[in-house]
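Letters A, B, C, D, E and F mark the chains in the order given here, with residues in each chain numbered from 1 onward.
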Amino acid sequence: MPIVTIQVTREGSKPGNDAVTADEKAQLIAGVSQVLLDVLNKPLAATFVVIEEVDTENWGWGGLPVEAYRKQLAQKPG
Amino acid sequence: MPIVTIQVTREGSKPGNDAVTADEKAQLIAGVSQVLLDVLNKPLAATFVVIEEVDTENWGWGGLPVEAYRKQLAQKPG
Amino acid sequence: MPIVTIQVTREGSKPGNDAVTADEKAQLIAGVSQVLLDVLNKPLAATFVVIEEVDTENWGWGGLPVEAYRKQLAQKPG
Amino acid sequence: MPIVTIQVTREGSKPGNDAVTADEKAQLIAGVSQVLLDVLNKPLAATFVVIEEVDTENWGWGGLPVEAYRKQLAQKPG
Amino acid sequence: MPIVTIQVTREGSKPGNDAVTADEKAQLIAGVSQVLLDVLNKPLAATFVVIEEVDTENWGWGGLPVEAYRKQLAQKPG
Amino acid sequence: MPIVTIQVTREGSKPGNDAVTADEKAQLIAGVSQVLLDVLNKPLAATFVVIEEVDTENWGWGGLPVEAYRKQLAQKPG
């Protein structure tokens, strides 16, 4: 009876996408359910998966909203 | 000071509804708060309830998005 | 497929108990699962319940650890 | 690597606002990340913050949806 | 910056084990982090995983503590 | 009525400590409750804080249990 919760920012994974697609969500669900089956022998039918999409302004990293933090990282000299 | 979090799919409970109604939410809040009072003697005023509605494409069961899994279950021979 | 998470402090509900008992946990599980059945028509077999017990020093209220806050409330003049 | 999750009702903090503003979210992120740095010496870059805004009809307190409970509190004689 | 939370009962996956082993936890972490990389192109370094082990008496299914529910399922005639 | 959940590894913040101390927990609770008051004008009495301590073997980063990942980072040439 595992429960897997996946929190990601509400963004596309490729140019042209502005959100996680339904197909990507299906792949996430299939993938993590399979991991639970492979590692702990949990039947697929016993695993729940919940995907939570979080607006980028609601996600913080480095003490900043994530988009501001990414810009800061990108500007750092190597 | 209990916190009760209720996660459900964003769907209607009856034909004609396409979401949990405000009245149903009020009943969920009243019901689970009462359980905490009855079982653990927690005053109603000390209990927080948070209802999280999850889009069906974001909910996985059986390694599939839940609507696909329900179809699969419905097609299984008894 | 609802998921209900119940967070409570790790304390007894009556004098002589220093924790939530197994019987009280069973009553919490039965009670909240019944609420989901009654209000949203969710079958008992489709509901997961997770009870999380939190040490009192890990629970804050009023800007204080909960036991300190309770003492403060108790000392307030009516 | 702390994760801080902040759940608040989807409401404005001042007359004229009907939601938490992007600037307030940035302040929440900065503030709680700083607390983790000050108290536990966790670098800002190691802390994730997730803000979850919850519709008022999905938040329960006192056995009621929170707006109904606030009205009840406001009507209580002192 | 995904966060993946895995909730499982505190049980062994094989006869002779009475808990999830450190090696199984490492496999869970590797597996789900890889899914996020494969499906959404999230770098491994950007993914946090939290495993929460829940005592069986704190996990409910079918309106019962999970061990009681499993016994009930096992006794059902085919 | 905000709820703030703080997840940290179960480790000391200084040499000689092997866990978050009760005093540090009290400072975390005071600090984040104050942030909610300062930024969103939420009264201290309306904020709940829950601190969840997670064993290091249950926390993943970089596709590895966190202690293994830290060693890997430490060995990287600058």
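By our rule, contacts are C-beta pairs under 8 Å (C-beta built on N, C-alpha and C of every residue); 3 or more make two chains touch, one makes a residue touch a chain.
As the structure is a prediction and not an experimental result, all values here were calculated from the model.
Taking A-B and D-E together, the pair of chains sharing more C-beta contacts is A-B. Interface equivalence for A-D, evaluated over A-E, B-C or C-F, points to C-F, where over half of the contact pairs coincide by residue number.
Work out the mean CA point of chain B and of chain E, and you get 21 Å between them. Centre to centre, using the average C-alpha position, chain D and chain F are separated by 18 Å. If you average the Cα atoms of chain E and of chain F, the two centres end up 22 Å apart. Here the spacing of chain A and chain C, counted between their Cα centres, is 29 Å. Residue positions of chain B with contacts to 2 or more other chains are 1, 3-4, 7, 28, 32, 48, 50, 59, 61. For chain E in complex with chain D, the touching residues are 1, 3, 48, 50.
The residues of chain B lying in touch with chain A in their complex are 7, 54, 57-65, 68. Here chain C touches chain B in the complex through residues 1-9, 13-14, 20, 24, 27-28, 31-32, 35-36, 38-42, 59, 61, 66, going by the rule given at the top. For chain E in complex with chain F, the residues that touch the partner chain are 4, 22, 25-26, 28-30, 32-34, 44-45, 47-53.
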